[in-house]
Amino acid sequence: MDNLKEINYGEAIYEGCYQEMENDDSVFVYGLGVDDTKGHYGTSKDLHKVFGAKRNFDIPLSEDAMTGIGIGAALGGLKPIYVHQRMDFLLLCMNQLVNMAAKLRYMSSGVHSVPLVVRAAIGRSWGQGAQHSQAFHSYFMHVPGIKVVAPTTPHDAKGCLIASIRDKNPVIFVEHRMLYSNVGYVPEELYEVEFGKGRVLIEGTDITLVGVSYTVTDCIRASLALKEIGISAEVIDPVSLSPIDYELIRKSANKTKKVLVVDNGWLTCGFAAEVIADLGINCKDLDLDRMGYLESPCPTTRVLEDGFYPSPESVAIKANTMCGGDSNWKPENISRKEINSFKGPF
Amino acid sequence: MDNLKEINYGEAIYEGCYQEMENDDSVFVYGLGVDDTKGHYGTSKDLHKVFGAKRNFDIPLSEDAMTGIGIGAALGGLKPIYVHQRMDFLLLCMNQLVNMAAKLRYMSSGVHSVPLVVRAAIGRSWGQGAQHSQAFHSYFMHVPGIKVVAPTTPHDAKGCLIASIRDKNPVIFVEHRMLYSNVGYVPEELYEVEFGKGRVLIEGTDITLVGVSYTVTDCIRASLALKEIGISAEVIDPVSLSPIDYELIRKSANKTKKVLVVDNGWLTCGFAAEVIADLGINCKDLDLDRMGYLESPCPTTRVLEDGFYPSPESVAIKANTMCGGDSNWKPENISRKEINSFKGPF
Amino acid sequence: MKKFDVKKAYSLFYLIRKSEEKIIELYDTDKIKSPVHLSIGQEPVAVGVSLALDKKDIIFSNYRGHAHYLAREGNLKEMWAELYGKVAGSSRGKAGSMHLSDWSVNFMTTSAIVATAVPEAVGYAYSQKYQNNEGVVICYHGDGAVDEGVYWESINFASLHQLPILFVCENNKYAIYTHQDKRMLGDSIVSRANSFGLKSFRVDGIRTEDFFNAANDSINNIKNNSGPILLECMTSRWRDHVGPGEDRHINFRSDKELNDAITNDDLKNLESLINKEDVVTIQKDIDSQINDAIKYSEDSSFPGTKEITDNVYG
Amino acid sequence: MKKFDVKKAYSLFYLIRKSEEKIIELYDTDKIKSPVHLSIGQEPVAVGVSLALDKKDIIFSNYRGHAHYLAREGNLKEMWAELYGKVAGSSRGKAGSMHLSDWSVNFMTTSAIVATAVPEAVGYAYSQKYQNNEGVVICYHGDGAVDEGVYWESINFASLHQLPILFVCENNKYAIYTHQDKRMLGDSIVSRANSFGLKSFRVDGIRTEDFFNAANDSINNIKNNSGPILLECMTSRWRDHVGPGEDRHINFRSDKELNDAITNDDLKNLESLINKEDVVTIQKDIDSQINDAIKYSEDSSFPGTKEITDNVYG
């Protein structure tokens, strides 16, 4: 992996998709607006011009059937990628994903496979309100037969997408709108990021911070702020949520003895609950805690929305408290370009 | 609550529903087959004859719309009860339940309320296979704005149903097919079982067993087997899953120092994960573990199915091991009438 | 049966148009804390339908709901404050543009998930019939909504139970940038709905009065137990799908298509039917109402963060 | 174009009928580890359609799938072993009656959730077109399936893309005990589907040959790029919705309705068209096949519990 290029998360997805479409004729991309001029944040832009309309096409608003159609096409030997503008829309696809995609292999004792990729963007920017902001990764983690990945870096975005396409199983590929502009070094060639392996993004000794998708960036920023007050926070990006790299998290937990899981969604029965439950069962003498969306729908007005989501500040404050620090401490204002520069309209 | 009658779980639901329909004209019951001769295990039998077709009616197979129709009727001042023969079918209702029912009150800052009750039966008997056996209580626990109850006893079934109907919020009322024949003493009058309160069904000192719905009976039976080898297991029935009585479970955990949560569903991001995460965060020095559906879809053939679900035996064995007992110990065959006597055809 | 009131029509139309234009004007200031889906170009439908309604009738709308709300004579100040995300908003800022609701005018709810409030409207109609209430339910939706299965499930139930509901399909031909032809074979919304037992009509008018007439007849029929009705109202969206901008640069429709619609603007036509003085009075009155509403919104405060978890449960 | 082969038709019909009767006979022994939805009465549809198919054609079915599978000349032994929950079953007992599948005869998948395999069938047809493959997809479903929104979404996509698929609606008039009239206004499956751009025809026959003719024409048309077609096949379910029993005691339909259907049993008719000797040979052969299949199933072993978590992921 010699040739590295600095590109953003959206471009990395585009590149992974493009290259794998070149590589494999059976890959196709469909979803609302995937062939319009915006091309889902550029990730599918003009693919129809290169690969033809049968391999990149717009669809009617029919999330339920279009999921089943992807499953059927996968049974027929193709590798469909279904792109959703908002993860909230997956609620219309639950029957197909859970009752069919996750089960066809099992029910046929291994004859069927469903190499379907469902890309879904978590909608946060501002003003998205209760129905355009939700994250449901934990719904899919709950169900055997489906894999879930939530890459944070451009490198992982490209590699996970390629691995997802090549995987025999249905994969939910979780994107986050505030990640598309994230820049990083990405190999030019085709490569896979292996599922089931997490990454220690920052090493530390005092506390472990585990994020998911966009909240990984909250954890990174919090750890930088914590560093300034002498707290060494280890930051873990699980990357793959199902299967999940419990070992890596346990190892870090056994080292730091303190774990704060910052979910990108609600807490009850969520990813954070799962990670903490695993630690509670398999490790001893840990201080554990969790943060995530507040226990309400997402409010539309900006002031409430800002409080609804975890932030680098709130993560740093909680971590500092867990480390015995002053609970009145507040980090200097931490800049979040992607949030502050977002201008809408949507 | 003087007049007690010995009736079964199904009859208790019927009685609660009937009495509340008498009491409140705005209550109505709908769902597939609710007005047929079987009347959903007798729970809605002949209600249309007493209260008229507008208050108990059969519907087209349209789970998605019929959920929204219930929500709309609730907005219009009625109190709908939507009955599902299998909880698996709720996967078709997720958009309406999560994006609408759970949020309308919040989005209107308290003006709307959605007093909708969704009754859903977990389908286990035998041979139900991958699509007729699932339990999704944790999906609804995950989402703020929805309540979830899963009564185990006839007493709680009646009282929870009445409380659910009267509640201003959408309530998922979880039933279990193997509970319908459970017999118990039930007050004749109308009464409510308060949400957010669990019950200690059996007191014990060595280990706490927490079940959900039908697995509460596994825990009870396991505790009886454990008693014979001198282990005193406390059995908790949370009854209400959202809100959930964390306090009660923590108190028991702090006493016994060992908690085994037996879920009636998959483990990852499920109810058991939630309870254990809470204990991991809020209590110290506990031995924690969990059991539930194995990590696969439900197989159809009986031999595999028997191993897929937790059982009184498997619960007792695990609990005994947690208490330091011999891991080769097996309880005498524990009778489960409702499972063994089930003859189908469905 | 109601008669078409030109002055009222003009006044509501002008109110909607000016409000939307004000949103465009202000949007860059970031004072509006919400994505907006403007109704400019589609006002004739909302105004025509609303003039046919009684107070008791009930509205279900969608994220493109400003016109529906204002034509219903909802509270202008509260709507503006809601767009500003302030406590004086109809939902204290929690709803924003996409989820307007206001029970004082029976404006029930608006969903941002396409077609998702359609069954709610049907369920409300069921409750009207159940309780022997008078009001007819109006269910606004776009041409994209009929792509969704839940739409046909809902229609089926409404026709099976002969519920008092009028479906108003605002067919602007596009779901975002996707033309109806790329989403269904044939131009067949009316025939599809008819086959489900729903009496369905297309209103090809560009005139507010045409939509009024169709709605007026329909509401009257529904009140006389005709069962549910669908009006497919052909219309045109002048601005981008979302946000204050235009969308010509996206090249998904011809300039001519849009220009024709703009040339036929019924606001000019209505204005020509009223005497000049009245026009001036109406305009002045509405301009100042809008300015007041904006001032009111600016003066109102933001909710406090402790409100975040209020009203999750009742 | 194929010709109707009476002997083959009789033979398949007899195979299905006898297999189902054997299930009824054995059910009380609890050896069959699965709920069963019998096809007795509905055989003419499956047999008629199957005789019109080529090997390359692909079947999607539902929980009432025995007839579809056997008419397709699936493996009788493996089907029986699957009902017994044994390792020799087509899915090692994990599927049971409700989820039969067998790729060796392009019998793809059967769902127990109503209408849920319909979009899969459409997606498979998309993949056929994409890959320029020859086979036509057959999508069997009941009259209840058309109540589901996903059905109309699927039909819409199939007609929009002119996919090579034949929908076979087995209209036995009931979803469990609920008559079509209680589920939709009018008797309009064909007109609904037509309005979605799907060429649709009702086959009112009680004769296997009528279903064959309709399917044969349709398949031929689809192969000549007619686009998708729907056949609404009027038929009758003689036994209870699920299980081996009858359902007269439930009183949801008139005895006459059922008696008429039984009187018209096409098995007798087909038998009358073949010479006696052939009938005897066919019957003997099939009876012994079924007995062999049962013996095979009894001899096979149950899977071991370590198989529970096999084949969750590939």
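Order of writing sets the chain letters: A, B, C and D. Residues in each chain are counted from 1.
As a working rule, contacts are C-beta pairs under 8 Å (C-beta built on N, C-alpha and C of every residue); 3 or more make two chains touch, one makes a residue touch a chain.
The structure displayed is predicted, hence computed values, not measured ones.
Setting chain A aside while every other chain stays in place, the touching chains still form one piece. Note on connectivity: the fewest steps through touching chains from chain C to chain D is 1. The greatest centre-to-centre gap from chain B, using C-alpha centroids, is found for C.
Centre-to-centre separation of chain B and chain C, using mean CA positions: 41 Å. Mean C-alpha position of chain A lies 31 Å from that of chain B. Remark: chain B and chain D have CA centroids separated by 36 Å (rounded to whole angstrom).
Residue numbers of chain C whose C-beta contacts span two or more other chains: 92, 94-95, 99, 111, 113, 147-150, 153, 156, 160, 183-184, 310, 312. Of all residues in chain A, those that touch two or more other chains are 59-60, 62, 64-65, 88, 92, 95, 99, 106-107, 129-131, 144-145, 295-297, 299.
Taken together, the touching pairs cover every possible pairing of the chains. Contacts from chain B toward chain A in the complex involve residues 64, 88, 91-92, 94-95, 98-99, 102-103, 106-107, 129-131, 134, 138-139, 141-145, 242, 266, 268-274, 276-277, 279-281, 285-286, 288-290, 295-297, 299. Every residue of chain D that touches chain B in the complex is listed here, in rising order: 27, 30, 33-36, 85-86, 89, 92-96, 98-99, 111-115, 144-145, 147-149, 175-178, 182-184, 240, 242-245, 250-252, 302-303, 305, 307-310, 312. Of all residues in chain A, those touching chain C in their complex are 32-33, 36-37, 58-65, 88-89, 92, 126-132, 294-297, 299-304, 306-308, 343-346.
Interface residues of chain C, counted against chain B in their complex, comprise 60, 91-92, 94-95, 99, 101, 103, 108-109, 111, 113, 116-131, 149-150, 153-154, 156-157, 160, 310-314. Contact residues of chain B toward chain C in the complex are 28, 54, 59-60, 62, 64-78, 80, 95-96, 99-100, 104-113, 144-145, 147, 168-169.
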